[in-house]
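These notes open a run of structures that come right after.
Shared between the two complexes below is chain A, which has chain B as its partner in the first and chain C in the second.
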Partner chain A sequence: MKAATLLRAGLVVLLLTLVLRPELATPLLAPLAPPDGPVIYERASLLSLSLSHLGLVALSSLAATAVAVTLAVLVTRPFGAAFRPLARTVTNLGQTFPPVAVLALAVPVMGFGAGPTLVALFLYGLLPIFENAMAGLTALPPATLDAARGMGFSRWRQLRRVEIPLALPVILAGVRLSVVIALGTATIGSTVAARTLGEVIIAGLLTSNTAYVVQGGLVVGLFAVLIHDALVQLERRLTRR
Partner chain B sequence: MSAPGVAFALTGLALLLAPFMTLAANRIVAGEGVAPWAVAPMAAGLPGLLAIGVGLMLGLVRALPRLRLGGAVLGLAGAVWLLAAGGPSLLEGADQYARVSPGAGFWGLLAVFVLLMADALAQLNPGPAARAGLLGLGLGGLAILLGSGALADLSVAQEFAGRSDAFVAATLRHLALAFGSLATAALIGFPLGLLCHRRAGLRGAILPLLSFLQTVPSLAMFGIMIPLLSWLAATLPAARAIGIAGIGFAPAFIALVLYSLLPVVGNTVAGLASVPPPANEAARGMGMTPPQRLYRVELPLGLPILLTGLRIVLVQNIGLAVIAGLIGGGGYGSFVFQGLNQTATDLILLGALPTVLLAMVAAIVMDILVDLSRPKGRA
Partner chain C sequence: MIEIDGITKRYGDTTAVDAVSMTAQTGTITAIVGTSGSGKTTLLRMINRLVEPSKGEVRINGTPTSAIKPHLLRRRIGYAIQGHGLFPHHSVARNIGAVPQLLGWSPDKIRARVDELLDLFSMAPDEFRDRYPSDLSGGQQQRVGVARALASRPDLLLMDEPFGALDPIIRARAQDDLRRIQRALGSTIMLVTHDMEEAIRLADRIAVMDAGKLVQHGPPADIIATPATPFVAEMVGEADRPLRLLSLIPVTEIAEDGAADGPPLPADATLRDALSACLWTGRSALPVVGASPAHVTLDAIRARVGGHG
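On to the complex of A and B.
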């Protein structure tokens, strides 16, 4: 436990340094850059790219969570039962769609920029959350539901006070999955002119500047790993309660 | 009445108001939408429109899933018929650089009929053999349709005609990346999973490490492979001799293998753990040696979960292999990213559509295999 905390703190410090004071990493990255080439990405500040990257992910994940959980609640009510097999099939088939393909297919419809990235992240993010929310809401112990009904809870109150809280850890696992996928897909979003950290990696690939590739890759990778870890901790805390 | 059927019918009718095809002056500029009833002269287009309408209506009958399936097939046929009729008629008299493409209406109707088909199939719940047969029929129909040249006037087909050799090469490369990394991951992952199953200590060390790898965004992973491999190629002449280089096939392949390890190892561990202890006890009581137990008891019983891991890997790698296009690794991704660079929509589609099709076929085939591997008498 102690070692894990230390490791976490170390990674956070490394990430903050790379984002806020990238020039400190020059000695480490210099051997990777082409001779006389630039070492640190300077066309945009890493901070602004990070904020825009995280903003895209946060916005799309929030919207996806709201829509997916609402849909899962509707489908698990008696009146939505007719749609349940269809919903299962859609989540199964939909998740075989590669995220990159979703992004590429959004471009012809929406043009370049942050728009198609946001839509692709949102659409792709829906599925894992919906799947988990459905699993969580259908696997509740019947005795608990009977007890709630016996106490005279209205349907709405039962949903809000019993079903959602019990299903929350499973729903959160879906959110975590979809956030991690979104972080990765947003990186590729820079090929369609969204402002994300992928820009640094792509610039490195285009100019054969490995220093850029490593810099961008490290920052994105660290964000993904730390955010994933934070969500895992949150889930653990909720399950323990 | 089927509630999803009503939703499909309403959506389908609304989609008939959307542009069914688009006509553009060349391959770069945005096209102008053409309504479904205007894409072809009435005599040529009417059968297609009728089939779409009747297909949507047949989808309404809840009690007869076979009829709904028939409706979905009829509707798909109608939409394709209209597309095939619209191509030549829109291009007639147009400039030689003009391009016709399917529009929002076509894609929407395609999605509606595929969902209707999926809904009807979920009702019918066919067994593995029936599903394999249906998949074969579907792919056969698609092959005949594409081979017949009925859709040759479409813009995607013209992009293909200009690069059929490159397309074949990209297909082979994409398959080599996806299946090659799957095989490699299985060769490493099964023994590793077995070890993790036997030793809890190892399991606690390996699984978190692999899930950490899984978290790293794909572009970052592909990117970080480049310096590692160019360093390897520069220091070890032997590595260079077998074709390892900073960009190209090798970094993409290794990145895919790394992503594949978690599902393979994790599901191997879960599969072996799912073997009921009494089965193992009985095998031991019969005097089976540990290897015999592994091959005759543990593997057969854990097989469905093992195969589920391979399904996840295969579908995931078919999608991730697209990123290889960014680092010179080839595959369908090269069309996708070329298309994005040139803002040529149809070139993007030429890369994205086969990827999606490949991933779906892989998922369906693997699901069939998982079902077949289930021991008889258990759900």
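On to the complex of A and C.
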């Protein structure tokens, strides 16, 4: 427990340093930079790239959660059962279609910028949340549901007070999975001019500057690890009962 | 008073419950007994409209159940099931207070009612109120399940195999508790069970279901003494008949004045207990605890239940 707290604090400090004071990392990254080339990415502030990156992930994950959970709730109701295979197919398709292909197809329609990235992340994030919400909502203890109905809970109340709370741990695990995937996938948004941390990585790849690549990759990786950890903590807290 | 009037449930070509009519008086326990697939659970679930009847009507104190919206109807009818069905994410107090909360009772009134019920079920409120179902033993969970069903003082309590998941010792205790609490509160209970022993122990009236039909409905003594069909006789069990009948009769009914030797029987013992004690200790008369010296004899027991066939 103590070791975990220390490790967590260390990672947070490392991440904050890389984002707010990247120049402090110069000695570390200098060996990776080309001779006489720049070591630290300076065309944009890493803070603003991080915020924009996280903003895209948050927005797309929120939308994906809202749509996937609503869909899962609808198809687990008696009147929606017939649409279950259709919903599965649609969300599966979202996952099967590579985000790069979605970007390529969305640019002609939406233009360059954040739009296509949001669409790609949204579609890519649907499946884990939907499948987990389905699993959570269909595996509830039958006696508890029967008792709730027999006691006079309306369908809506039963959903809100019994089904969602009991399925919450499994739903949240799906959201966490989806958020972490989106954090990594968002980097490719920079190929269509969305402002993400992928910009640093791509700049590094284009100029054969490994220092840039490592810098960008490290920041994205640290965000993913720390956000994953934070969501696990949140799940534990919310589902202690 | 609960009136079940020609109630029928059909699923396609099969008839799960076939034109069942019966009446249960207020303040009594009716046990619906039958084998699996006899339609007893379907019959019970039609009373609170968890299953909609194909035909017929149920009236509770004169009001047809079809006149009330199902979820509002169910708030007036207690419901306890096998495996208790408690909400695992709610405390004991919140579980018991669920229906009062649906009915809009004030928090103070709910809290008082929860404590009252916990006391009634011999569970110290201070100790159990804030626990979660997973912290309780099977017997305690089951008691909370029944307490929850009684919380809003319902007109009627429906129980579907409520003790089915308990071991025999805890089950016997739970049955005694239910009988005691039912007498104290004057509740009207309809209980489904496949266990004739349980039905005889608890019920004022027994309704035997066979293949969707009600084959016999009457006091336990009648069901035991004069089974209407071979199926009812089989449910009662031929070899167990005299013992079951004895278990219905208190010793006080045939106790005579005068003393007898050996350890006495408690005043609330049944003739079955008396017979068992006679056989085990080899005595032909037993003293009975009471104000004046009284005893019960083996001959009197034989005379009371003998003479059949």
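Rule of thumb we're sticking to: the second predicted complex is superposed on the first by the 232 of 241 C-alpha atoms of A that agree within 3 Å, B and C clash if a C-alpha of one lies under 4 Å from a C-alpha of the other, contacts with A are read in each partner's own complex, and residues count from 1 in each chain.
Here, contacts are C-beta pairs under 8 Å (C-beta built on N, C-alpha and C of every residue); 3 or more make two chains touch, one makes a residue touch a chain.
Quantities reported herein were computed from a predicted structural model and do not represent experimental measurements.
Do chain B and chain C fit side by side on chain A in the superposed arrangement, or is it a clash?
Verdict on chain A: chain B and chain C fit.
After superposing on chain A, what angle in degrees do the C-alpha centres of chain B and chain C form at the C-alpha centre of chain A, to the nearest 10?
With chain A as the vertex, the angle is 100 degrees.
Does chain B (first) or chain C (second) touch A:10, or do both, or does neither?
Neither: A:10 stays clear of chain B and chain C.
Which holds for A:166: it touches chain B only (first), chain C only (second), both, or neither?
second
Check whether chain B or chain C contacts more residues of chain A in the superposed model.
Tallying touched residues of chain A, the top partner is B.
Just to be sure I read the superposition right, which of the two partners does A:34 touch: chain B = first, chain C = second, or both, or neither?
Once the two structures are laid over each other on A, A:34 reaches no partner at all.
Classify the contacts of A:146 with the two partner chains as first (chain B alone), second (chain C alone), both, or neither.
Only chain C; A:146 stays clear of chain B.
After the two structures are laid over each other on chain A, how near do the C-alpha atoms of chain B and chain C get, in Å?
18
For chain A, what residues appear in both contact lists, the one with chain B and the one with chain C?
None.
Which stretch or stretches of chain C touch chain A in the complex?
Counting only chain C, the residues touching chain A are 48, 50, 71-76, 79, 81-90, 98-99, 102, 132, 145, 148-149, 158.
Going by the contact rule set out above, which residues of chain B touch chain A in the complex?
Interface residues on chain B, with respect to chain A: 2-4, 7, 104, 114-115, 118-119, 121-123, 212, 215-221, 223-224, 226-227, 230, 246, 315, 318-320, 322-323, 326-327, 333, 336-337, 339-340, 343, 345, 348-349, 351-352, 355-356, 359-360, 362-363.
In the complex of these two chains, what residues of chain A are touching chain B?
It is residues 32, 82-83, 85-86, 88-90, 92-93, 95-101, 104-105, 107-109, 112, 180, 183-184, 187-188, 191-192, 198, 201-202, 204-205, 210, 213-214, 216-218, 220-221, 224-225, 228 of chain A that touch chain B.
Going by the contact rule set out above, which residues of chain A touch chain C in the complex?
Listed in rising order, the residues are 141, 143-154, 157, 162, 165-166, 241.
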